[in-house]
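Below are two complexes that have subunit A in common, paired first with subunit B and then with subunit C.
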Partner chain A sequence: MTTRRWLNGAGTWLAIIALAVILAPIFLSATPWPTVARDYLQQQGTADSGAINLVSAIYLGYRVFDTFGETIVLLVAILGTMGLLSQLEHLVEPAQNDQKALETTSRFALAQEKRRSHTLRTHLLEVVTGKVGPIVLLFGFYVMLYGHISPGGGFQGGVIVASGIVFLSLGNPQEGSFGISRPQVLIRLEILAFFTLIVIFSSGLITGSGFFGNPLADTPFPVAHIVLLNAVIGLKVGMSIGFMCIAMMGERT
Partner chain B sequence: MIIERLLLLLLFLIGLYGIIGKKHIIRKIFGLNIINTAVVLLFILEGSRIGEAAPIADASHRAMVDPIPQALMLTAIVIGVCITALSLALAVHLYRVTGSFDIDEIRIRIHHES
Partner chain C sequence: MIIIMLVLIVILALYSLIGRDLLHVVIAMSAISLICALLFVLLDAPDVAITEAAVGAGVSTVIYVWALRHTRRRDDDNT
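This part shows the complex of A and B:
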């Protein structure tokens, strides 16, 4: 048995060293990075898409197909996760069975009935998250809506909004008293956001710029397309990840 | 520049060790995340070699970093989150079915049942 374990360890290290030898030229390459694309984008990016932030000009302008695929992958991952988790009877063990955790937290812990699903939910956590939650939500919407002129964008803002939703759901005194931390509301909003996304993507067909085209390309405000897409994608990502976190925290869906 | 690259290679190999050297499933998922981070950082580092300003086209004409790796890594980060969530859900499911996170233990218990 010990020989076998020793052989396993040796095999692991052999594999790691072999991969290190293969990967070292990739990680340590000194090939000069091409500047053609950067120079083109610096000169033409803002004129093409209207966005000053060139990263959002790329992922919502030049490579919007990629973004569309990404939102679908996110949707599929959420569906798979929820499908796997919904087969379980109790995701989180009831707190009453866990004597040790109860003893450690008993000084700060909430009344018994609220502690059902969250052993470590204390007054401290509840007060802090409840107060910080709305501010985090506001900051998330700021990052989402200003993604075209400052660092940020739909995905980043969406993740911040998701943190805000999780904070609110941790911090509210009655379970589900905030509409936005209720799973049914989240999933409806997500469906709405995805539908809006498809409508915006196809709106280029009407003006003749094609699927994924920018229908406002000839107007004075071509950037409105990117702002709208950032907002919708942020909503969708925020709702998806918030929904997943709340489901993993053991709320019934 | 060579120090950062060596550290990133080390980070990648740590993640690989987590995946193939550890028996605990949650640790394997940590390893997957570490590999993801190493690759993301490598791309950002590569793109930042040709400039120093942020990729925001303002009035100043300083050389800025390449925005393309950043846009690509945005995708990679979101996909990484998806993979983590899905693999954690699978791990929880395996735990509920077999009662263990250890892959050897899981294999033994599945053989017992069949």
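This part shows the complex of A and C:
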């Protein structure tokens, strides 16, 4: 046992030293950073896309392909998590009144009558999360919709919206008194958002700017494309992460 | 200032590799994300800072704590 532990420790330190040896030349080198893309974006970025925040102009304008890939990665991750969670439910017998079944089921709190989180809940948590939840939701939608002007965007706003949803579902005294913390509503909104995303990506085909192209590039408001994409991606991210967290906390799915 | 933050990140990362109490390790990783977010703000990257604070310090900590609640809290020696 002790030799094993010693070996584990030695392996950890060996990995750290190897990482330092690999990374040291990168930190010590004095190669100048490439500036061509930076200069081009500084001169042309705002005029091309209409967005003042150049980060959103890049990831929703010039590199939409990467954003689409990220969205799909998130979708697959949520699918895998939900698959694992639904498998967990099969391992658990239906809850009965005797102590053993309660003990078993409270370990995998998933369905309505097996919730352990209710017993751990305090008035402080309920009051604070119930009051803070709507404000967090509002801030999330602000970050989402103003991603083209101020720092933020779809993914960031979506995660804030997700925490707002989790706050609301922690804070409400009755089950499902807020529609947005109900899993059926969340999953429908997510499906709708992903469908809209694909429709927006394909709409460039009709106007001639190609798949992933900006269909409004020739109009006076090219920034509408970025605002729309931010809103849809934010909805999708927020709903899926909120859905996952609520399923983990033991809401009925 | 930046050097202090980087040193703190390295110390917390080493602790999260070596530490045995997994709840403390999760909190240390959350602190790493928070310091990273501050670092990104200092380096004029507010977009990345928002992402790091929301995902690293928020959602991933929740998921780790959830996973911890369903398993054991102590790290095992002979695994």
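By our rule, the second predicted complex is superposed on the first by the 212 of 253 C-alpha atoms of A that agree within 3 Å, B and C clash if a C-alpha of one lies under 4 Å from a C-alpha of the other, contacts with A are read in each partner's own complex, and residues count from 1 in each chain.
Basically, a contact is a pair of C-beta atoms (placed from the backbone, for glycine too) under 8 Å apart; a residue touches a chain by one contact, two chains touch by 3 or more.
All values reported here derive from a predicted model rather than from experimental measurement.
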A:Asn53 touches, of subunit B and subunit C: first, second, both or neither? both
Subunit B versus subunit C as contact partner of A:Ile241, first or second or both or neither: both
Partner chain(s) touched by A:Val223 [first = subunit B, second = subunit C, both, neither]: neither
Contacts of A:Ile160 with subunit B and subunit C, given as first, second, both or neither: second
Partner chain(s) touched by A:Leu186 [first = subunit B, second = subunit C, both, neither]: neither
Most subunit A residues touched (candidates subunit B, subunit C): B
Which of subunit B and subunit C A:Leu137 touches, first, second, both or neither: neither
First, second, both or neither for A:Val232, with subunit B first and subunit C second: neither
Shared subunit A surface residues [contacts with subunit B and with subunit C]: 9, 12, 16, 53, 55, 151, 153, 155, 241, 248
Subunit C residues within the subunit A interface of the complex: 14, 17-18, 46-47, 49-51, 54-55, 58-59, 62-63, 66, 70, 77-78
Contact footprint of subunit C on subunit A as seen in their complex: 1, 4-5, 9, 12, 16, 53, 55-56, 107-108, 143, 151-153, 155-156, 159-160, 162-163, 166, 241, 245, 248-249
Subunit B-facing residues of subunit A, complex: 9, 12, 15-16, 19-20, 23-24, 27-28, 32-33, 35, 37-38, 41-42, 45-46, 52-55, 57-59, 63, 66-67, 70, 73-74, 76-78, 80-81, 84-85, 87-88, 91, 149-151, 153, 155, 237, 241, 244, 248
Parts of subunit B lying in touch with subunit A, wherever the complex brings them together: 2, 5-6, 8-9, 12-13, 16-17, 20-21, 42, 46-47, 49-51, 54-58, 64-68, 70-71, 74-75, 77-79, 81-83, 85-86, 88-90, 92-93, 96
